[in-house]
Amino acid sequence: MGEYFKELFGGTKSLVVGLGITIKHMVKPVVTLQYPHESLKMSARFRGHIELLGDEETGASKCVVCGMCQRACPSGCIALAGEKPEGAKKKVLTSYVLDFTKCSLCGQCVESCKFGAITFSKEYNLAGPRKEAYIFDLKKRLEERSG
Amino acid sequence: MMFIPEPLRLLAFVVGIIAFIALNAAYLVWLERKVAGHIQRRIGPKEVGPFGLLQPLADGLKLMSKQLLVPKGVDPYLFKVAPLLVLVPAVMSFVTIPFSENLVARNIDIGLLVIFAFASVNVMGLLLGGWGSANKYAVISAARCVSQNVAYEIPMLITVITMIMVTHTMNLNEIVMQQDGSLLNWYIFRLSASPLMPVAFLIFFTCSLAETNRAPFDLGEAESELIAGYHTEYSGMGFGVFFMGEYANIIIGCSLATILFLGGWQCPLGLYPGWWWFLAKVYLLIFCVMWIRWTYPRTTLWGLLNLSWKYLIPISLVNLLLTGAMIKLWPLLKTFLMGAS
Amino acid sequence: MISLFTAEGLAGLFFLFIVAVTISGGLIAINSIRLPRAISGLALCFVGLAGLYYYLNSPFVAVMEMLIYVGAVCVTIVFAIMLADPGDEERIGHQSAISAPVSFGVGALLFWGMAILGVNTMWPVAAAKINDGSVKAIGHSLLTTYSMVFELISVVLLLAIIGSLVLARAGRDKS
Amino acid sequence: MSDLARSQNQETFVLNLGPQHPATHGVLRVKLTMDGEYIVEAEPVLGYIHRMHEKMGENRTWAQFMPNTARLDYLGALSYNHGYVKVVEQAMGIEVPERAEYIRVITVELNRIASHLLWFGAFVLDLGGFTPLLYAFDDREHILDLLESVTGARLTFCYFRFGGLYNDIDDDFVTGSRAFIKRLRKRMPDYHNLVTKNIILITRLKDIGILPGEMCRKYGATGPVLRGSGVDYDVRKNEPYSVYPELDFDVPVYSECDSMARYMVRMDEMEQSMRIIEQALDKLPAGPIMPEKVPKILKPEPGDYYSAVEAPRGTFGIRVVSDGTNKAYRLKLRSPTFSNLSLFGEASQGMLLADALALMGSLDLVIPEIDR
Amino acid sequence: MNILNLSNILEVYLVIAALLFGMGIYGLLHRRTLIGMLISSELILAAASLNFMTFSRFLAPDPTTGQIFTLFIMGIAAAEAAIALSIIIAVYRNYKSIDTEDVAGLQG
């Protein structure tokens, strides 16, 4: 009999305590961020999709078309090409395409780059209606930014 | 009032009740989402209209514009009738609920019984809906709903019988009238009727939670077990009507609790009584229902039956006995005390 | 002559509706091939009957009809169908071709006979009522005149509960 | 209907739990043969999101396989990272700087707390309580913020490198971690009062889903499932690795074998992880995070290497066979949930559907890790 | 006789009751499943109750008698339904059918 009442009162008490906790939280301010109206500040190290870095003076890409990033990429989403103009010492980048649909944001490309030519973008809310919207021509994006 | 013919008055009430239920179902969903949101430290609906107040409208439009899919292999008539079987009895139950002294569609002597009679049809709707869906989850859910409803009807009716013994009437208006005056006249605090009155209120409230399939007794639509239970296969307004019926039943449960225990439209402060007091009390109870829903995990069928047979039924029986004893003893005791003083 | 647009007229109209509900419910109940539909017909019929009882000045019995028949008996039958799952009647059993007309004939004959009997009998003039037949009066006679029957009914119900439990369990143990 | 059920003349039916079902947390399908609400037979059907990680490991260079390990169990990514770098370091004989090991332990334990928090919320959600999930998410977000600030990702961390780390932690991370631990310590009583002591939860978990230690051993269950069955086995203690031997922590073991025991093990593990993090933060040495010389192209000596770590869900073992090239010859992953789930079929026999789902929740399934 | 005044006429109820009774008998003979027969028998009981109620309302000096009889019929019907259905389920468990033909072996 004692056990019965102990269970009854103990159980009821636990239920009341639970109610107390939820009401306590109810009167506290909300913790969520109202996403489309407020946007999130990404941390400095946030790994978004990659972006080409331009030279500070000329604005041209620092890439020397060594192909390390292409080889490092596990998903094979980087395609780049370059040519050696007449008389130049280094190769010049002609196209750098990132297929973001395959990218797993591992960051191996950035790590493998010895020349600091690529970096992570801080863009995080990417959305688009078509697959093609995620095939980024990074060279064009670089030119648009610098010019 | 006198020259309005009774049928027209009834018709006006029925239309009013349907509007009341529809509005309430819509805005209780809004309220539920807001309560849930704030309990979980979120905001809840906010995009449509100020404070998301137009959200129910958007939801309603969405539900109405959706196709009512009738799955293969179901009985199409039963499938379509089942949601109505949940909603219509709920609407009918409102006929006897007094919102205030005069604001009652039909003030009949057996009002309390009428509500239970209509409420019992509700089970039929769930059963036909669940079973008519030709879906195994829905069948399990329907079976659960019925066992739950039947199990909890026992303590609920015992408590109601206790109340009838105390009030000597099944007329809801009269029950409210008896609770006139100070706060201590509310039956929940009327310890002279039975010392277990507050417990009786708790039992009644718990049972009405179980009867309306609300959490923590929402075994019927346990989403992590049975997807959506008996309305898994319903889309569009089929689902919408089930939903309205469910909310209407919650309002009925809370109204009954208010009428039986919390003094109906009577005002605790001695101010002018009125329907707003009634609604305030009902909404307070509805808030508690929501609060409970967003706090507890779900019970199982065994836990539920255990609670009913091990705690609710014995305690309500004890209450019944105590009330009977008090009815006989209290007058004696009172005269004895009077004589002593 | 009662005009349609009075309380009595509307009540009369509603009575016709109730009768229609009762009869159509009964027809669905006996004619549906699908059992669940038959039961919803039965429930409809009981709702109609409750309405008829209301017109017979006994709202209490009407409410009890709803509570017990619609809320309990029909639900129990649906439950039994769920457990036994017999499927549609068409699928099962074979019956001789004459069964339907013969049973229809018997039913119609009984109906005809009883209806004729009911209509043609000169019923005695109603005696003076000794009470109003209200809930209070019912309760009073239940606990005085009919108390023995009342007790027996409860014993019967108790036995029914135990009996059905035993039957249901026995079926289970065998499997 | 199975032959067994048919022969016993039971009224059974088959219920397909999944592949799309709220309780399976993903695309797991469990074929249940039911007698009413009782389960006669349960057969988990896997493979709905199989991605051939093992085969991918044989076709990618050692470094390129790294992101895959984060995608096995997306809730405990760092433990899987750790397991992988550990086996490659073992194969290559790379020494890891002490600071890097400490940071590894700190981040892995943070990740373990995040994983357990999410499990806690999802488990209570399985039992029908929605609110604790959101509270747990609130706390978990803080961990993800911390981890994002060092790793750059919120879920599929790819933080460890052969020999060390991708980048160093800063003071903000250290103070943030300490602040987080303080915050979580304050929140734990709320969780216990709201959930653990709740009578409804207790009745749903106590003596439900008994997994005897013998059964766990038979199926190779590990992690909290095993420790909830009274077997004191934790890779961090039994086969010490990294800097765990230098840190003082307990391995919570409960011998009730029921769902409640597994629940309590995880709740206690969160406390222990907090202890580990605090100690590691105190002891955190200065120094480099990468060894001075790491070969550019990894070509381990031909051989057979195995290494195991304690992931949030149990022992994550990884075995690689190298043939001396820059790719693995064979790569085998031993994921804990796969063995833990295997229990379900036997353990759920004769249980009620609701209880079986509580049992399934207490196993803490992450489907991509089962299917690999 | 006004069509709107039917509710006050004794014979109307008697005819409805007779109709329900006839339907019940027809169903009882025609139905092939036990549950179908149970449904029909419920209709017969309903017809009887309606008759009781009618006479009680129109003829009896004590209007409670008929009501009480009806209440008793309800009690009996509930008990009957419970017992009948558990028998049906028990029969179904053994015969895998609730067809009257199939369970003919129950006799004797």
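Order of writing sets the labels: A, B, C, D and E. Residues in every chain begin at 1.
The working rule: contacts are C-beta pairs under 8 Å (C-beta built on N, C-alpha and C of every residue); 3 or more make two chains touch, one makes a residue touch a chain.
Since this is a predicted model, take the numbers as computed values, not measurements.
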Minimum number of chain-to-chain touching steps separating chain B from chain D: 1
Identifier of the chain whose CA centre is least distant from the whole-structure CA centre: B
Of A-B and C-E, pair with higher C-beta contact tally: C-E
Centroid distance [mean C-alpha coordinates] between chain B and chain A, Å: 50
Centroid distance [mean C-alpha coordinates] between chain E and chain A, Å: 73
Distance from the mean Cα position of chain C to that of chain A, given in whole angstrom: 70
Whole-Å gap separating chain B and chain E, where each centre is the average of the chain's CA atoms: 32
Numbers and ranges of chain C residues touching at least 2 other chains: 11, 60, 64, 72, 79, 81, 175
Residues within chain A bordering two or more other chains: 15, 18, 21-22, 25, 31
Touching two or more other chains - residue numbers and ranges from chain B: 39-42, 143, 294-296
Chain E-facing residues of chain C, complex: 1-2, 4, 8-9, 11-13, 15-16, 19, 22-23, 26-27, 29-30, 35, 38-39, 42, 45-46, 49, 52-53, 55-58, 60-61, 64-65, 68-69, 72-73, 76-77, 79-81, 83-84, 86, 89, 92-95, 99-100, 102-104, 106-108, 110-112, 114-115, 118-119, 123-124, 126-133, 137-138, 140-142, 146, 149, 153, 156-157, 159-161, 163-165, 167-168, 170-172, 174-175
In the complex, chain B residues that touch chain A: 35, 37-43, 46, 291-292, 294-296, 310-311
Contact set on chain D toward chain A in their complex: 60, 63-68, 70-71, 131, 135, 138, 145, 148-153, 156, 158, 166-167, 190, 193-195, 197-200, 202
Chain B contact footprint on chain D (complex, rising order): 13, 15, 21-23, 36-37, 124-131, 134-135, 138, 194-195, 198, 200-201, 203-204, 352-355, 357
Of all residues in chain B, those that touch chain C in their complex: 5-7, 75, 77-78, 81, 108-110, 113-114, 116-121, 123-124, 127-128, 131-132, 139, 142-143, 146, 150, 170
